[in-house]
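The structures considered in this document are given below.
Each of the next two complexes has chain A plus one other chain: chain B in the first, chain C in the second.
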Partner chain A sequence: MSAEIEDIIKRFQNYPNVVGIIIVDLFAIPIKTTMDYNLTVHYATLVSNLLSKASKMVHSLDMTNELTSLRLRTSKHEVVIVPEENFFIIVVQNPSE
Partner chain B sequence: MSSDIEDMFERLLKLPGAEGAILVNGEGIPIRTSMDVMSSQKYAGKMTPLIKMARSMIRDVEPGDDLSYLRLRTRRNELMVAAENDHMVILIQNNALLDQARRTSAQSNRFVSKGK
Partner chain C sequence: MSAEIEDIIKRFQNYPNVVGIIIVDLFAIPIKTTMDYNLTVHYATLVSNLLSKASKMVHSLDMTNELTSLRLRTSKHEVVIVPEENFFIIVVQNPSE
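Now for the complex of A and B:
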């Protein structure tokens, strides 16, 4: 799993717009991050809750459907959240538009 | 209902892959929808707490920042939720058509920048 995670970090870090990447395990504990520690923990906890809620919501609307990614566009950034089997990825980037 | 909102609503439905759109007021009640009443209420009811949570998350991690919109991608479709003041807009778009439109616009952007 850690090789896969290294790959993910490497791939995303090369994009010019990326501000930071955080990999969080299913207990909302960050396992890898390119951002500062406090901000990372902050994101990890909040995103974990949001992801769980969003995921459940999709399921409740349609039992056969599932959430594949979540994108939050703010005035300053774009936060992309991708759930994987054993962890989830948070990418904070500057919007390209 | 003001014609501005009508116009905006009609424009939403013209977006690529648009399968449905719902306009929800400050009380969580769908005031304009292209879907049946039950589905609209279901979507409105479920999206309201989610967008509140997303908005409070953004304000928490970055004071001064605010949520513009939320996009949930699922296996079937994409749900876009945008909130302004009290109102909320929910748009459901089919993945295949949406991706196709994105590819086309990405290609034309590349074409334009190459020409420079």
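Now for the complex of A and C:
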């Protein structure tokens, strides 16, 4: 899995305005991060909860449907969350001007 | 408030691929909808919960930050959620090809 993780980090680092990338396993434990560790653990826990709620919402509306990404736009950042089979990816970006 | 609501509905109806627009008050009660009523109530309840969790997440990470929109991309649709002061807006779109 680690080669796959390295590729993901490299891929998202090439996106513009990226300020952080976190890879989290399905138990909300960070596997890899480019951010401060305390902030990483905080994001991992909160996003894990939000992602499971969003996935349940999608299935509750239509069992055959799947959540493919979740994007939070805030006044300071954009947080993109991508669920994969064994982990999920959090990308924190400064909103493009 | 109703003139404001009508304007919002008109504005989002001009977006491409929009299949439904729902306006929900802060008690998760639908104010206006272009969708089937049962589906509307289902969306309103689920999104209300998800939105409050997402807002709490943003404030927990940074009290001075604000959630401005939430976007769920699924295999079938894109659901955009926009919190306003007294209500929130749900726009369901077919993903642009």
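Note that the second predicted complex is superposed on the first by the 96 of 97 C-alpha atoms of A that agree within 3 Å, B and C clash if a C-alpha of one lies under 4 Å from a C-alpha of the other, contacts with A are read in each partner's own complex, and residues count from 1 in each chain.
Here is the rule we go by: contacts are C-beta pairs under 8 Å (C-beta built on N, C-alpha and C of every residue); 3 or more make two chains touch, one makes a residue touch a chain.
Please read these numbers as outputs of a predicted model, since none were measured by experiment.
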Partner chain in contact with A:32 - chain B first, chain C second, else both or neither: neither
First (chain B), second (chain C), both or neither touched by A:72: both
Footprint overlap on chain A, where chain B in one structure and chain C in the other make contact: 39, 42-43, 46-47, 49-50, 53-54, 57-58, 60-62, 65-77
Contacting residues of chain C [partner chain A, same complex]: 39, 42-43, 46-47, 49-50, 53-54, 57-58, 60-62, 64-77
In the complex with chain A, residue positions of chain B that touch it: 42-43, 46-47, 49-50, 53-54, 57-58, 60-62, 64-76
Parts of chain A lying in touch with chain B, wherever the complex brings them together: 39, 42-43, 46-47, 49-50, 53-54, 57-58, 60-62, 65-77, 79
